[in-house]
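Read through the structure below, which is laid out as structure tokens, and then see the notes.
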Amino acid sequence: MDSILSLAAQNLISPIILFFVLGFAAAFARSDLSVPEAVAKGMSLYLLFAIGFKGGASVAAHGIDETLILSILAGVVLSFVLPFIAMALLRVMTGLSAVDAAAVAAHYGSISIVTFVAASSVLSTAGLMSEGYMVAVAAAMEAPAILAALWLVARADAKSGQGGGMDAGLLREILLNGSIVLLIGSFIIGGITGQDGLDKIASFIVSPFQGVLCLFLLDMGLVAGRGLRNARHLLKPGLFAFGVLMPLVGSLMGLGAGLALGLSTGGVMLMMTLSASASYIAVPAAMRVALPEANPSIYLTLSLGITFPFNLTLGIPIYLAIARAITGG
Amino acid sequence: MEMHKAKRVEITIEAVMETRLTEALIKAGVTGFTILPVLAGSGRSGQWSREGQVSRAGGMINVVCIYSTRTSGPLLTAAFAVVSPHRVVSVRIVKCCAQSGSLK
Amino acid sequence: MEMHKAKRVEITIEAVMETRLTEALIKAGVTGFTILPVLAGSGRSGQWSREGQVSRAGGMINVVCIYSTRTSGPLLTAAFAVVSPHRVVSVRIVKCCAQSGSLK
Amino acid sequence: MEMHKAKRVEITIEAVMETRLTEALIKAGVTGFTILPVLAGSGRSGQWSREGQVSRAGGMINVVCIYSTRTSGPLLTAAFAVVSPHRVVSVRIVKCCAQSGSLK
Amino acid sequence: MDSILSLAAQNLISPIILFFVLGFAAAFARSDLSVPEAVAKGMSLYLLFAIGFKGGASVAAHGIDETLILSILAGVVLSFVLPFIAMALLRVMTGLSAVDAAAVAAHYGSISIVTFVAASSVLSTAGLMSEGYMVAVAAAMEAPAILAALWLVARADAKSGQGGGMDAGLLREILLNGSIVLLIGSFIIGGITGQDGLDKIASFIVSPFQGVLCLFLLDMGLVAGRGLRNARHLLKPGLFAFGVLMPLVGSLMGLGAGLALGLSTGGVMLMMTLSASASYIAVPAAMRVALPEANPSIYLTLSLGITFPFNLTLGIPIYLAIARAITGG
Amino acid sequence: MDSILSLAAQNLISPIILFFVLGFAAAFARSDLSVPEAVAKGMSLYLLFAIGFKGGASVAAHGIDETLILSILAGVVLSFVLPFIAMALLRVMTGLSAVDAAAVAAHYGSISIVTFVAASSVLSTAGLMSEGYMVAVAAAMEAPAILAALWLVARADAKSGQGGGMDAGLLREILLNGSIVLLIGSFIIGGITGQDGLDKIASFIVSPFQGVLCLFLLDMGLVAGRGLRNARHLLKPGLFAFGVLMPLVGSLMGLGAGLALGLSTGGVMLMMTLSASASYIAVPAAMRVALPEANPSIYLTLSLGITFPFNLTLGIPIYLAIARAITGG
């Protein structure tokens, strides 16, 4: 407990968290500070490119671990199962309609790549290694949750002709969405070019990485803060509680999977973080197409306004402490 | 330059629906349209802004389509089939004229 | 899709006035509007362009607002209260139609 | 606010033609116009999008010009002289009104 | 005098000045070279983030100097007083209306952060240190000039109901404008995380800084050149003379303050530069709201087209030479 | 031959090529991966800035070579002559109209700066030096081809009043287009500030260069792939063959020029690459103004969809192998 607190405190005064808090506070104070959309997108491309490539290069360096395939499979299963748990919690804790609840559930099965990046950077500050292929696990966990949610909607509301529309076009869009393609593509290129390739571009993707992450989290703080301020009337206590409880529940599922797979301490902690995190890029876009009746303010506010800040500030140190305590790492 | 009577439909729709809408238009034989970016907006589903956003989910585009008054039927039907389940749509029709040949 | 008669006001105003204008609109009960970015322009206060600019001072936005013909009075009054001291404003009203329910 | 009758011309033209068109407008005594960015479009010369483009060749802009009904002649002539050899032009005229004084 | 000239010559052939000149010349030759708005804004966010953070980390390293508070107070006073001097000079030297003159005066009381950055980089080339908190002084000098100008308008033209509109909304916008929030926020975060934080992100905010500054000044040259070309008919000799005289007058006020505070040679030179520089980001935006009757072409052309290039090329070496001669640094 | 193949293979698995391929494949799979226009433009400004500056600094370091002027002249002549050859081939191999053929010919006389950059990076991987002023040659080769093409149109179609419109405005636009101005400007500034200047900004323009190039080529792959997918119905076999044959023909002309000038192995290879490459930035923009009747889909698809990928993957290793074999470098 003590170590969690001191770790949380240490995490809270790292530059990346402080810039997130700065953005959050600026949005609440209604400052006009803002990052242009193109710059924000450019930074997100940079982050996906960098973590994908580094993951691939690390796999190339350490050899393909026998648990790689199993870990990816575990990720797919987790992503598909978590929405069902989320749905059950939502029906108990909140008064959301079936469609709104399913849309929210999809977000919690999927993952937030920035939370993953922040966790990786906490890991490296703590001097812990992790499996390079966790990046591939992250990519594999993006999509299955969406299918689970659509299935939930179809089941809950078999008569409503509108909802849960899944067609070939949407399936292609989900599986080939920009962030998955860039992440997996960079991972493969990093794997092919290995240490040689990494040496060539290290001063672009390794050394400035933390700084770009600070600026990006400033923007995330601004967006999350602005969203929360605009939609605070939606935040009933039940919803708020779900936004904090669900990541903890998810992290325990991730813990189980990580231990079963025999991952390193860092790998277990990243598996917990992935399961705990909620999507705010790929899934919202898919929901606008597949479940247009669901209210975007609800799922965006929950995942970006509550769960993302929670994971960033308190969740990550908690997951690390638990992973360390249990694996003895 | 000769002017013809034409209609101008303007559809404000989620950015993620762009391909679906343009494919529906092209399928309906409508090959002329222009897509404008939208910065921010407000409607029944609340206020939003593109500032700092990464996801395409939180944004709209503005599709402008000018077509001769004779072809209105299929255009509207095709567009509306895509558009109708979405809450965030505004269709406006104005009388206008356009350079001959650029309409279909 | 049922069409209704509506008005379309388009206001070109300095970007720094955005919040003031939208707050005035919302206060007047107008909750539907769309904001388009503007690249460049020219008017009585000269020519300008957004290229390379950092300050929001040197730019305009385009606010489009569609509303039913019955609610025109308060809308215009609210918008114009914000807009009138500014030299850089153009208001245009066109007859148009819009999807039922998206107007206020 | 007093409203006057006016015309609204909207020209979709290649971005590389921007300076030529605005210079022609200014030469014709038209000093009020607004230029909107265009994201993507489709016409007789096919579909295009600005995403990821570096060259200005592959893009359009939207020039909106409001002017009093009395000055339409020179405006159109000036604009069309620049515009006509280009295949990618759409001109639309709508009836509208604008704040007194901002027209020329 | 000799040293001023050789310093000016040396300053003039530094990459940052030459890129400014390139942009200026390209704009005058009507080249279509241009920097997208989003990229320009992205670079300005980067610069604010970097100088704020470095300033804060430097304060953390050297301890909080007893003159920190006094220096900030001096900055506030200078920013409030300079517009009155500017106003008096404008009424004598030019035929501007009261409203236009007040709007111009506000710009000269406030500061240009890029001029500050360029001066800092000349300082470090010259091997001189300065107080890290000068960044905070810069932030403190942004806003008071705006209040002074509005007061000037209200006094000059008590009957005109329109002008000088200052309300709670505007005050919040001015005090919480994006650049102040980012600068002060980064300063505080730099102060909290100190050398540790700086080490983490140094390869983002320290090493590439000069290069980004070159590109940014290229853009500033383009914008300044284009503005000057479009508005050259406005530039009566009196206005032009004011644009060169006022920074010199301001720098002397800054010199006095810097000496009185007992700042280092570098600190005195930065105080002179801040007082000499004129705003072209925050103040123009505030003037569009508060004094919509003032002609933006006049104040933008003066501050960005005349005073900014003057300070960048001749002013900065002059201020450095004077500061050195007087403090013996 | 063997060395060509192994070099091609080695080239094909470098990160920059693999990211191009990733973009190309993503576009063909209709992924929504995309780079915002402003970010793409920002990266192209960065690349021009960096290679211009490094070229200038290298000239400053090695002294002005006596062949500098001759090389630039040779570039101008090549750029003017190549369109005539391209025109002749096009009339034989394809059924394009005179106007379309002339527009295509202009692209092949001019150059692609990204191909040049990719070739330079292959050179430095191979441990070869080249003349720093090749950057100036590249800039000099951008424009003459446009004049040649307009002359071709005027000759082919003396009656059609519309086509081939060249006026003072267009000439200025071509000669002062943004990329030429930035490239030459940075070259001159690099030359003036020399090694000193380069040291100041090396961590911006040298170390992260390869990484930015990867991201930029990802975008080029996306744009080329999307263009090719949309316009594949235009690609008759004759056109396709021209898109592969013409760069080879061009490279031989460049080889002759390079040998005649007595350039280094690296210089010869770059001269071949410049002659082989086709423009897709400056020339298309000029053609939209000067030859609006020409179909942009044809020239963009050929230069960006066929010749650019060909040069990037196979052409560059071929040119390097030939240059090495003949100069013995």
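The letters A, B, C, D, E and F name the chains in turn, as written, and every chain counts its residues from 1.
To be clear about the criterion, a contact is a pair of C-beta atoms (placed from the backbone, for glycine too) under 8 Å apart; a residue touches a chain by one contact, two chains touch by 3 or more.
Everything quoted here is computed from the prediction, not taken from an experiment.
Peer 1: What is the graph distance from chain C to chain F, where chains are linked when they touch?
Peer 2: The distance in steps between these two chains is 2.
Peer 1: By the contact definition above, name the pair with the higher C-beta contact count: A-B or E-F.
Peer 2: Higher C-beta contact count between the two pairs: E-F.
Peer 1: When the C-alpha atoms of chain B and chain F are each averaged to a single point, how far apart are the two points in Å?
Peer 2: 38
Peer 1: As a quick test, compute the distance in whole Å between the mean CA positions of chain C and chain E.
Peer 2: Each chain's C-alpha centroid was found; their separation is 34 Å.
Peer 1: Just give me the whole-number Å value for how far the CA centre of chain B lies from that of chain D.
Peer 2: 19
Peer 1: Whole-Å distance, chain A centre to chain D centre, using C-alpha means?
Peer 2: Each chain reduced to its C-alpha mean, chain A and chain D end up 45 Å apart.
Peer 1: Touching at least two other chains at once: which residues of chain A meet that condition?
Peer 2: Expected reply: 32, 34-39, 41-42, 203, 208.
Peer 1: Can you list every residue of chain C that touches 2 or more other chains, as numbers and ranges?
Peer 2: 36-37, 47, 56, 94-95
Peer 1: So in the complex, which bits of chain E are touching chain F?
Peer 2: 13-15, 18-19, 22, 26, 29-39, 42, 203, 207-212, 214-215, 218
Peer 1: Taking the touch rule as given, give the residues of chain D at its contact with chain F in the complex, in rising order.
Peer 2: Residues 14, 16-17, 19-20, 45-47, 49-58, 85-87 of chain D touch chain F in their complex.
Peer 1: Touching residues of chain C toward chain D in the complex: what are they?
Peer 2: 12, 36-44, 47, 60, 62, 76, 80, 84, 89-95
Peer 1: Please name which positions on chain D make contact with chain C in the complex.
Peer 2: Counting only chain D, the residues touching chain C are 1, 3, 6, 8, 18, 22, 26, 31-37, 61, 66, 94-99, 101-102.
Peer 1: In their shared complex, at which residues does chain E touch chain A?
Peer 2: So the residues of chain E in touch with chain A come to 36-39, 41-42, 45-46, 49, 53, 172-173, 176-178, 181-182, 185-186, 189, 192-193, 197, 200-201, 203-205, 208.
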